[in-house]
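Consider the two complexes below, in which chain A is the common component and chain B and chain C are the respective partners.
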Partner chain A sequence: MKFLIDRTAFRDALQRVEMAIDRKPSRPELGGVLVEAVNDHLIVVASDLDIAVRYRLDQVQIEEPGWALVPGRELVDVFRDIEADAVSLALTDKGQFEIHGGEDHCFLVSMENSSQGALEPERFPEVPALAGEADVTLEKDVFMQMVNSTRFATSRVHETRFATEGVLFEVQDGEATMVGTDGRRLAVIRRSAVRGEGRRRAVLLPKMLDQIVRFGQDEPADLIEVFFLNNRVGFRIGNLESFGRVLEGEFPNYGNVIPQGGKHVVRAHREAMSRKLKLASHLTQDAAAVVRIAVSPDAMEISAEHEGRGRAASKIEVDYTGSGLTAAFNPVYLLDGLRAAHAEQVELQMEEPTRPAKMVLGEDYEYVVMPLSTFA
Partner chain B sequence: MARGAASARDRSILHVDLDAFFVAVERVRDPSLVGRPVVVGGPPERRGVVAAASYEARAYGIRSAMPMAQAQRLCPDLVRVDGSHRLYGRASRAVFALLGAYTPIVEKVSVDEAYLDLSGTGLLFPRAVDAAERMRREVRERLRLDLTVGVARNRLVSKVASAFAKPQGLFEVRPGQEARFLAPLPVQRLPGIGPVTTRRLLDFRIPRLGVLAATESWFLEEVFGEHGPAMQRRARGEDDTPVRPPWEPHEARTIGHEETFAQDTEDHGFLRAKLHELLAAAARRLRAQGLLARKISVRLRYADFVSESRDTTLPVATDHDGELLAPALELLHRMATRRTLVRLLGVRLGGLSRGYWQGSLLDPRRARERRLVAALDGIRDRHGMSAVRAGETVWLRRPSGRRPAPA
Partner chain C sequence: MNPIRPLDPVLIDQIAAGEVVERPASVVKELVENALDAGAERIEVRLEEGGIRRIEVRDDGCGIPADQLELAVRSHATSKLRTAEDLTQVATLGFRGEALASIAAVSRFEILSRAEGESAAARLEVRFGCPGPVREASGPRGTRVRVEDLFAELPARRKFLRRPATELAHGAAWVERLALVHRGVGFRLEHGDRVLLEVPPDAGREERWARILGRGLAERLVEIRDRRPGLVLEARVGPPESARRNASRVHLFLNGRWVRDPRLLRAVREGVREFVPAGMLPALVLELAVPPERIDVNVHPQKTEVRFRDERLVIGAVITALRRGLSGSEWSARGVGSIGRVEEAAPTATRRPAPATGSAGAPWERPLPAAVGPPAGPTADHPAPSQPELPLPPPAGGPGAFLSVARTFLLREVPGGLEILDQHALHERINLEELRREIRSGAVVAQPLLVPAVVEVDRVELDLLLARAEDFRRLGVELEALGPGSIAVRSVPARLTRLDPEGLVRDLLEIAGEQREAGPEALQEEVLHRMACRGAVMAGDHLDAEALADLLRRGADLPQDRTCAHGRPVRVFLSVADLERAFHRR
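Coming up: the complex of A and B.
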């Protein structure tokens, strides 16, 4: 195998697969990057069993096809610092992966290789080919918005009862839904798919979504194609293919969680409410942050108290005509929702202080927050 | 714990105590009371008790909490004044406003008593006694009230020193002299040693703090358990409790309930029901104070006075009986293994934090249970603890305390 490539192009390709390089590989191959030179293009693959990324580069001059599996971290690091504009990479007779650019010369061991060209790595995990027509197709920007609207609400820790570390992705007859929840708040967004018949459903790994959001934006493609494989989901945006393990376990029945509107409907300015929440949260207990939201006709008061440090209260004007109501919330949850909101005007719907409150953060975008309660 | 740069060695703590405070305030209002035996408290017809007595009245043997009728019998010339707590509150605030100019670290323990930490104010007052003397002068000149101050390296000794200096006094225990100062004092002068402990110490021929300080610590541990060695350290004048200003929340305490049974029992059903009842009472107090508990401990004492206790830490803090009960029962189950009658059962909630309860969207059962608990508390507030009972505890009401025999 031998090819010549632009240094920045190859470095960018490595960045795209970097998240899938296992940092503490249980087998050495999982820490490797597979580099495959086909007749007119180059393919770079990494896989850590949870996620896998395959990236295709067309701007390359292949002199001899072939493939090699090389230590991933070292390859990424070397390319970050190498100085030549064009770099030549080749598999030597001794089975070493040679990187040569300008005055820089590096050799990486190759964990497995073939100079004949046929791709048959033995121990590297198989990354499926995304062939044929996708199960679901969405506009890329729509997909990104859906992820950004739900990913933040997922659980940071492993929950035993539900698979809430992941984002639920559901497609039914052309309508796509994403749901993120950690049991205390829940975000749900619905959008139309470009294509997608029947019913598909999977709980997606946040790590894979992060990879797609971070690098999919740069791909010169307008669509994202989704393939529901056996126990994996594959996504394709242009030359970028990302795969993620499907999270096993039950996802909560989110339909039951979303309140059907509330007695108290308050419309507030997103930015104003955010600012006041931030102000109040400076005076909350570090471990258990609580802000109180009191609504009365045309006004919302946001207050907080830190036992022994002081208290804060501030008011904003809102659109509300109902009776007075006070409820307590974790300010972080409210701020997260407001940050993700699509509209400048948000709606807060409450039934009573101990029942879930619903925020309407955009069109077909709802966020449910469980309030905090106290007996005192 | 030393605050800031001041190490335990050079701390300088003041215990300030207003002399016969209520009476002194009344005398500011009505100077004709000066020099006469005066008490503050309700009239004898309304079964009033002495809330405060002037030193002149104390000379007649009148003490706080004594029935007013008895006080008047002891001293026929006694002048009685109805208390005006609003006035005392104002006077107290005026005093502490003056003291607050010396150090921000003031811990007010009651209306007429406080600890001040003067550590690190050496540039203003190289000697804490000078600051104390000036405080006393200022309070006397500006408010016409008398202040007694004890100065020492720690809270404990400053408190004993001020009691020693009372009334109208100032006493400093120099660093290093703590044990020598305490040694000749009777054991009950040490805060924390009450009448029961005093009696036991006297039984063991330990009448003075010096003797307590010199007693073998293994012996004290044998007699008083873990409190023994701690008591001894205090008798030597060792104490590192910080002075806590009001902005520093107090460390969480515990809330507990225990009961010694009228009749020793080995009936596990009875014990479980009792635990249920004690826990319900403790949890209700927890909720009333807006606290959450993270730790539960259950204690048993057998008829032969052997005690046993176990504790556990919950994954999340809660104030809900339902969530506390299962782990508490589990502790009891693991414990009650001896085939001996049980005479006492107690439950204690610890790891307390002020906080709100975060409900779950996915587990509405818990939120429903909470609404139920709130409703039950409401009923119990109006009609008493036994107005609503858990099924399991119903037969506790039977006078025998025994499970009803199956029909």
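Coming up: the complex of A and C.
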């Protein structure tokens, strides 16, 4: 194997796969990056047990096809600091991976390479090429928005019963839905798919979504293609292919959780409400922050009290005509929702202080927050 | 079959002796207590072969008049009690009048005493219960008792004696115990020709303890005092490092008497449990003063167990005094490594530690690099790592920079050294303290769940949980039966945003099962501990800068942040001196 490539292009490719390099590999090969020179393009692959990333580079001059599995961390690090515009990479006779650019000359061991025949899947996890027609296609920006609107609400911890660490992704007859919840609040967003027949459903790993949001944006492609594989989901944006393990386990039946429009519907300005929530949360009792939201015609009062420190209360003007109602909330949850809102005007719908409150944060974008209660 | 006959009096004494005299240490204890009761100012104890060969206790107390010497070694003869009424007000250490007789029954015994105001001393020998005549002798004021060949004629008992080193340890422990609290009395312990302990009579409390417990430990004791009607309590507690699996370093004194009362010991365990590793006990001296009529010490021949008239009062006082005292103590809260102080000093990353004497300005000693300083921002050539991990950027406005190790430990420089925090232990402690604060303020804020967590339980388990449902509810945990075989968690404490409801039910089941007899408070305490742990970040969890800053800020507010709820340390401080030692610089 031998090829010549632009340093920046190869470095960018390595960055895209970096998140999938196993940080604590049980075998050295699992911490490796697979570099594969095909006839007219180059493929870089990394895979840990959760996610895998494959990236294709077309701007490359291949002198001799072949492949090598090299230590991933070292390869990424070396390419950060190598000083040359064009770099030549080759597999030496001794089976070393030679990196040569300008005055810099590095050799990495190759844990496996093409001189030994095919790469055994048990040595390095097989990362299938995404071929054929995708199961679902969405506009890339729409997909990114869906992730950003739900990912924040997922559970930070592993729950026994529900797979709520992940984001539920559902597609039915051209309509895509994403749901994130930690059992205390829930965000759900619906968008039209460009294409997507039948019914598909998977709980996606947040780590994979982070990788896609981070690097997918840079890809010069407008669409994201989704492939539902056996126990994985694959995403393709241009030359970037990301795979993630599907989270096993049940996902809460979110349909039952979303209230169908409350009696009390308050329209508030997102910015104003955020500012007042922040103000009040300076005087909440440390982590178990409680703010009280009291609505009355045309006004919303946000207040908090920290025993032994003081209290704060603040009012904003809102669009509301119903009767008075007060409910207690964790301000962090409300602020999270407001931050993710798409519109400047948000709607807060409440039934009663002990029932879930619903915020409408944009078109087909809803956020349910469970109010707090106190037991004496 | 042999006819029934009354027992020979000597034999009676030998049998009775078994209750008082178990081993050389019991002889040491009884004789030293007698000396103390005699008002001695100096007491000398000499042992040979751990006391098996010989025990000698000398004092300069009031002595025993010659005409009473014979009576003194007779059983149930004592100068300390006269009427049954006196028994309710025992203020002296000994009182049963058994000690000397018992000892004399099982050894070659000699007592030499000169009472105050008498011109000559008197001497009496007793060989395994057979007294000789009282003879005049010469000697200083006070009493000298010599006990040789303990159990020599009772092979059955002698074979239970252990190696001299073990017997010595037991004997020495008694001398130490008594020397700890009898201020104004000098103690000297010799074994063979070695002096093991020397405490001058005028040694103050600190000096006394330094000599007995070791200087390093004595200097680090936390002092706790409590006074309430019918009870004065004073305690000195050693740091968590002094803790041991057994109670070997625990000294309980009731009205000056060393006791090993199981109920008191349990109270101590409860009082210190959050400050030391689970199941361990720190070095501790607890002195209780209770009006003599409020206790009964006559329940155990060795008088190490007691009955309190107001057991609940005493036990409760011990628990709360220890808990309160320790949570406000220097080493449990505001030590060198405390967050509050560190914040003022941050950022400390580039500060040079004080150089050790002699190596100042040495050419090989460069200022420490900014190893834990904020990382350079991402640049084109140095893109930010995909996950912000090592080192963490300093949280805006928060404490100084941290280095996260193995997603478990947080390292930072603090004045005088290096501090290592355990993120799980810290969070657990924060959870516990904050929940307690909520309970004290009257109400726990509960977070009802959007989707109640449904857990399968059997009928017995269901009953167990429902019986305690009201207690759980006060902690913010609302349970509801959903039928014969399942229970739903409707809410959890709001602050525990990381609590897995299903895991919680399993914990509650376990606790409800173990604590069937427990009152609501004990149960609540157990549940709080478990939830605090469950709801904490785990070792290995990634903490972003914001979450970390929040954790540290809350930690700074705590009354106690030295150990987690299980008593494992939250923070470990390595001084520059420790580091220098590790690098062989001193």
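By our rule, the second predicted complex is superposed on the first by the 366 of 376 C-alpha atoms of A that agree within 3 Å, B and C clash if a C-alpha of one lies under 4 Å from a C-alpha of the other, contacts with A are read in each partner's own complex, and residues count from 1 in each chain.
To be clear about the criterion, a contact is a pair of C-beta atoms (placed from the backbone, for glycine too) under 8 Å apart; a residue touches a chain by one contact, two chains touch by 3 or more.
Just so it is clear, the structure is predicted and the values come from calculations on it, not from any experiment.
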TODO: Quick one: on chain A, after the overlay, do chain B and chain C clash, or do they fit? Just give me the call.
DONE: clash
Task: Contacts of A:Arg309 with chain B and chain C, given as first, second, both or neither - done: first
Open item on the list: By the touch definition at the top of the document, which applies to A:Pro371: first (chain B), second (chain C), both, or neither?
Closed with: both
Open item on the list: Going by the contact rule set out at the top, does A:Pro252 touch chain B (first), chain C (second), both, or neither?
Closed with: both
Open item on the list: Between chain B and chain C, which one contacts more residues of chain A in the superposed model?
Closed with: C
TODO: For A:Thr160, select first, second, both or neither according to whether it touches chain B, chain C, the two together, or no partner.
DONE: second
- [ ] Go through the superposed model and pick first if A:Glu112 touches only chain B, second if only chain C, both, or neither.
- [x] neither
Open item on the list: Which partner chains sit in contact with A:Arg185 here, chain B, chain C, both or neither? Use first/second/both/neither.
Closed with: both
Task: Which superposed partner A:Glu219 touches (first chain B, second chain C, both, neither) - done: neither
Open item on the list: Identify the residues of chain A that lie in both the chain B contact region and the chain C contact region.
Closed with: 161-162, 181, 183-186, 252, 257, 285, 287-288, 290, 307, 328, 330, 354, 356, 368, 370-376
Open item on the list: List the residues on chain A that touch chain C in their complex, please.
Closed with: 15, 18-19, 80-81, 156-162, 181-186, 211, 214, 252-253, 256-257, 285-288, 290, 307, 328, 330, 354, 356, 368, 370-376
Task: Touch list for chain B against partner chain A, complex - done: 246-249, 287-290, 319, 353-363, 367, 370-371, 373-374, 377
- [ ] Enumerate the contact residues on chain A facing chain B in the complex.
- [x] 161-162, 181, 183-186, 252, 257, 285, 287-288, 290, 307-309, 328, 330, 354-356, 368, 370-376
Task: Of chain C, residues touching chain A in the complex - done: 381-383, 386-387, 430, 434, 437-438, 441-451, 453-454, 473-474, 476, 478, 491, 493-495, 497-498, 500-503, 541, 550, 554, 557
